[in-house]
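When the chains are written out, they are named A, B, C, D, E, F, G, H, I and J in that same order, and each has its own residue count from 1.
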Amino acid sequence: MITQRQQVTDMIISAKVLKSIKWSNVAQEVGLSKEWVTSGCLGQMAFNKQQAEKIGQIFDLSDEAVAWLQIVPYKGSLPTSIPTDPLIYRWYEVVSVYGTTIKELIHEEFGDGIMSAIDFSMDIQRENNPNGDRVNVVLSGKFLPYKSY
Amino acid sequence: MITQRQQVTDMIISAKVLKSIKWSNVAQEVGLSKEWVTSGCLGQMAFNKQQAEKIGQIFDLSDEAVAWLQIVPYKGSLPTSIPTDPLIYRWYEVVSVYGTTIKELIHEEFGDGIMSAIDFSMDIQRENNPNGDRVNVVLSGKFLPYKSY
Amino acid sequence: MITQRQQVTDMIISAKVLKSIKWSNVAQEVGLSKEWVTSGCLGQMAFNKQQAEKIGQIFDLSDEAVAWLQIVPYKGSLPTSIPTDPLIYRWYEVVSVYGTTIKELIHEEFGDGIMSAIDFSMDIQRENNPNGDRVNVVLSGKFLPYKSY
Amino acid sequence: MITQRQQVTDMIISAKVLKSIKWSNVAQEVGLSKEWVTSGCLGQMAFNKQQAEKIGQIFDLSDEAVAWLQIVPYKGSLPTSIPTDPLIYRWYEVVSVYGTTIKELIHEEFGDGIMSAIDFSMDIQRENNPNGDRVNVVLSGKFLPYKSY
Amino acid sequence: MITQRQQVTDMIISAKVLKSIKWSNVAQEVGLSKEWVTSGCLGQMAFNKQQAEKIGQIFDLSDEAVAWLQIVPYKGSLPTSIPTDPLIYRWYEVVSVYGTTIKELIHEEFGDGIMSAIDFSMDIQRENNPNGDRVNVVLSGKFLPYKSY
Amino acid sequence: MITQRQQVTDMIISAKVLKSIKWSNVAQEVGLSKEWVTSGCLGQMAFNKQQAEKIGQIFDLSDEAVAWLQIVPYKGSLPTSIPTDPLIYRWYEVVSVYGTTIKELIHEEFGDGIMSAIDFSMDIQRENNPNGDRVNVVLSGKFLPYKSY
Amino acid sequence: MITQRQQVTDMIISAKVLKSIKWSNVAQEVGLSKEWVTSGCLGQMAFNKQQAEKIGQIFDLSDEAVAWLQIVPYKGSLPTSIPTDPLIYRWYEVVSVYGTTIKELIHEEFGDGIMSAIDFSMDIQRENNPNGDRVNVVLSGKFLPYKSY
Amino acid sequence: MITQRQQVTDMIISAKVLKSIKWSNVAQEVGLSKEWVTSGCLGQMAFNKQQAEKIGQIFDLSDEAVAWLQIVPYKGSLPTSIPTDPLIYRWYEVVSVYGTTIKELIHEEFGDGIMSAIDFSMDIQRENNPNGDRVNVVLSGKFLPYKSY
Amino acid sequence: MITQRQQVTDMIISAKVLKSIKWSNVAQEVGLSKEWVTSGCLGQMAFNKQQAEKIGQIFDLSDEAVAWLQIVPYKGSLPTSIPTDPLIYRWYEVVSVYGTTIKELIHEEFGDGIMSAIDFSMDIQRENNPNGDRVNVVLSGKFLPYKSY
Amino acid sequence: MITQRQQVTDMIISAKVLKSIKWSNVAQEVGLSKEWVTSGCLGQMAFNKQQAEKIGQIFDLSDEAVAWLQIVPYKGSLPTSIPTDPLIYRWYEVVSVYGTTIKELIHEEFGDGIMSAIDFSMDIQRENNPNGDRVNVVLSGKFLPYKSY
């Protein structure tokens, strides 16, 4: 009996390790970005029927698991509010060190409001560099203004 | 007597509001990016002598304050570990929802290691869009591999 | 020297008590809803120049304070992450007890996405009732869908 | 052996996904609002015998599970005190940003007291809107005054 | 400038120590129970005009302070969520050790609902006892049922 | 293998729901107050041999479970330090709002010391009332003075 | 204006450093143990009139401060719930590592109940030892049994 | 498969309850103090081979479990950083209330340094007393000075 | 089904106890430092194929477990953010007590930046010493400067 | 009036910035290591009279401040339990990622016990390296064994 999306994520991760599946290949087969597809496989997004069935084939999932992939999950992928994993912590650190800077500059350009994390996309790329390759990430979020009423 | 960088940040913020100074203009005068200069003014970076004196002129700071701008600060700009401000929270949410995705994709491309938050830069731009303008942010961080020893 | 919006909020609150000003009257003079105007006076919204000057007159604020009212504040009005005040706690309790219900019903109707807290308005009214008057609150937030990309 | 209501909630959720049951249909069959019935199915309310048996039929529950549906549960539906799920967080954010505003306006209208979260109802509706449909939520809670004694 | 009720509480406490005032006498002069009056003096309740003026006389408060006594305060009297003071901790311990017991017995008698902490009173008395005097406390709170809707 | 008292509590709760047992009847059969017996069944008190065997009969427990009922448990019945359940939270709120009041009044009457939570009893009763029935709770705890040495 | 016992503690500490006063001498003059007198000077106990006046003479305190020494303080001497100071942390560690051991052995000897921290005394002594001197601490607390009722 | 010392502690506790074993008898058989042996059985100390085998006989442990008793465990016996159990909490309270006192008096006698919690022993005894028996605990820890370098 | 690296760590630990394997021998067989190899076995590093297979032989792991050893783990080896284990706590204490000192001295020598915890190695050695042997640890981390941009 | 060591630390930091004093020069004048002297200046160690007077001269401190330098401080130099400053966080991360490794290897070499953080010294050096200079830190702590008793 599946009672939480986490169980499906566990099945996907287990199959991925056993079969050496790559996220970028999964994304290609689904026909969407690797960022969105991976976050879906990790239990953060809901797939539509067709996408879920494709994911089910790739990872050999049961029909019940495929049904769960189409349910909106309870989101949040980290076990602690301050992440312990060094790679993810660096992102937390960017928010901590640059948070007020980001706030000031977006407000200076747009006024009061936020950069949406829903109408949002992310693109992660390798940038070759003689001093050591770099990770380049483009975040794009719609600006949503606070309006008086 | 100044005993913490926060006092200098307070002076800068107070002068900024009174004189309607813009961060982008400060950055232009200092000759560096608005992201780095703003984070420095907000107490997260150390300026060199020349930069500090320029900042001092713009915000009418005392010599003591200008000396403090050249001291490496205790970093971290947020009052709580989970930010309450909606704009900054959205960034925390991106880390929470996409954290494991970012981890998987960087490891798939680069192997074990991290994206540096020190050898790092950020560029925030407005993107005009008929469905509502967007905030585009490019993050660039050197990949640092874990090596066995 | 004003270095934080909280100082201006303190001035407003102090004047309000001394002069027995009512939020609904302030709202009327500003020409907007009592909900938005009050949250602005309590340091959660940025006013435009004209609004700020009106607020300044009502509460006898200095020019510096009026300038601060036009700056986007660091939002979040509560001293602890779980509120201790009984009235505000009841709202936290609604989120705790009904949170998953709200999530299920919005997803059932709209699919994956959120109800915006930015493109959002609130209206608080008294409802006369023979069994004891009731507080009626209407919350209206734009639905923002997660989209695949 | 069932030892916690959560186990019954798990059974309900599991059956719901497998059989594509809709909360609004469950509510209709039970003859009450979708908000109250859903919160009960999610383990936050106690059903009476007749309601519990109806729920039991819909979700194919054992007699033991049906008995548990009639027991008052330990309430609180969220795994962390600050919710990580974006939809639910937006509600937490409303409490954080507007909490003091709600407090001021209810006190201005009613004096000292609270808006009950027990003698309380909620109604969630879609509002069609050319700029994007909206979620409209009406919260109704009895005002309970603090009285001197 | 008074900006928080805490400042008035400080004035009251300071005067109380200097003048050796007793809470029971204050209550007598105000004509209400010692429990309610003390909690008001400690910043947890709002007084009406006449009560506030009487309190003002007893503790030699300024008009501004007397005005503040009539404002509904942000409630919650403890500096930490788990109290460190041994006397208050014992009450927290009662909630921790007997919390589920209280819940079971009230539900067994009344069904689903709560014992109100708003429509509530408390009476603290000394009970002489040859084995050592006892503190007897009577708590009385209206039962508020959850109702289906 | 039973390794924690919680397992026995689970068995008791499970049997109670299946057999519709009432705490007040259990107490009657054991011959003690419903408050103490219930807290014992919920894993907060140790029973003597005779009491444990009686409890064992009522709930059909194994000999091992009956042995565990006679072991002093690790006390504390709540899953979080600030309870999420509304009924129990109201008691936490009483401690939060009235904590300093209780402290002041007990010290005024008794001097420095505490009201014991060990040499302690509690009695919960329904009080019929035309404005809605009330929960009346009498707490009785021995006063224990701090003594100089 | 003194509004908290902490201010008096600050005065005592400040005078102690300036005048090189020793706690053991203070205790001798007051005629009680160094443990109790020191904890009182550090704001954890209430002195009687005579003791407070003696303390006042030793540390040159104002009459207002002497009055405060006779008021029961809000107890708890540490700034964080897990102490950062190494000497005090070692005591916290003893509770963490040996806590369940202490519980088991006291229950084995006495049955269910606690060792009082109110009817309690402490004696700290140096023990000369060729392998390095030792700190010997004797804690004595009355056993308080839980009784059924 | 045993993967954590906690599993062995569970086996010991389970056997102890079933067979009514006393810690003091275990200690006698092992030939060491009841404090050290109990803390070892509760998973806080490592036994040598001979001690482990003796413990294994007493509690009927498997060879694998006996092997685990000889492994240094991850120490810390409490489920929360502030203990909820009343007996153990009283010790936490002693640290909280007397922590700064202990610090002052040890420093006054010994200078800067700590009382070791490693080169440490504890002895718990019953003291008969007409006013109620007392728990007497002697803690002995080597003083370790901070030295300049 | 293996779904988390922790399961593989459990298998390794279990085999290590049963077979009395030493980390230093494992490291020798793998041909790398004991520090890096141990942290990998404890689930903090990813092994390459050859290393993983060697580890698999030593600890008798399944092919699935060996596959998991080559996956980058979610790092962070401690169950609480402030470690309870005395040995590990002493390291936390070093960070707490000497943290600002380390920061000042590295900045004095190198300017703004950090000591990498990724391009990092550690070497732990016993130092014989007549006053008691010492643990000597050498930490080596690349200095990474913050650069303006 | 100085009431806390932090005030003296503030004076030292303020003078250091104004006069561009280097910690290594202070250490040289005091005649001890830069690590110990800096930690003392930052409020973590107690100086003897001669050292304190030398520090007083260097930083132009008052006699009262010099007296405070000789008092054992309440230790712990960080404002949050998980440090936000990137340089200090990296050390916290080392404890988090390598904590269990350090524990295993010290126990393998020495048996049960700890590496002292009191009988401890630290030496921080720059290591020139063509791939980027490194920070080398040697930590030396006495091994303290747990002994049975």
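Note that in this section a contact is a pair of C-beta atoms (placed from the backbone, for glycine too) under 8 Å apart; a residue touches a chain by one contact, two chains touch by 3 or more.
Here the structure is a predicted model, which is why all the values come from computation and not from measurement.
Looking at subunit A and subunit F, the chains in contact with each of them are C, D.
Shared contact partners of subunit C and subunit G, listed by label: E, F.
Minimum number of contact steps separating subunit C from subunit I: 2.
Here the repeat of B-I among A-C, C-F or B-C is A-C, since over half of its contact pairs match by residue number.
These two copies of the sequence, subunit B and subunit I, are related by a rotation of 180 degrees on CA atoms, to the nearest 5. Residue numbering at the subunit C/subunit F interface overlaps substantially, since over half of the positions present are found in both copies.
Subunit A and subunit H have Cα centroids lying 46 Å from one another. Chain centres here are Cα averages; for subunit D and subunit E they lie 31 Å apart.
Put simply, the C-alpha centre of subunit A and that of subunit G have 53 angstrom between them.
Subunit J has residues 35, 74-76, 78, 81-82, 84-86, 93, 96-97, 100, 103, 107, 113-114, 116-118, 144 in contact with two or more other chains.
Interface note: chains touch in the pairs A-B, A-C, A-D, A-I, A-J, B-C, B-D, B-I, B-J, C-D, C-E, C-F, D-E, D-F, E-F, E-G, E-H, F-G, F-H, G-H, G-I, G-J, H-I, H-J, I-J.
Contacts from subunit G toward subunit F in the complex involve residues 32-33, 35-36, 45-46, 51, 72, 74, 100, 103, 107, 111-114, 116, 118-119, 121, 144-149.
By the touch rule above, subunit G contacts subunit J in their complex via residues 10-11, 13-14, 17-18, 20, 79-80, 82, 84-86. Those residues of subunit H whose C-beta lies close enough to touch subunit I in the complex are 1-4, 64, 67-68, 71, 74-76, 78, 81, 117-118. The touching residues of subunit F, counted against subunit E in their complex, run 22-24, 34-35, 38-39, 42, 44, 75-78, 81-83, 85-88, 90-110, 113-117, 120, 122, 124, 126-127, 129, 131-144.
Against subunit H, the residues of subunit E that register as touching in their complex are 82, 84, 86, 89, 93, 96-97.
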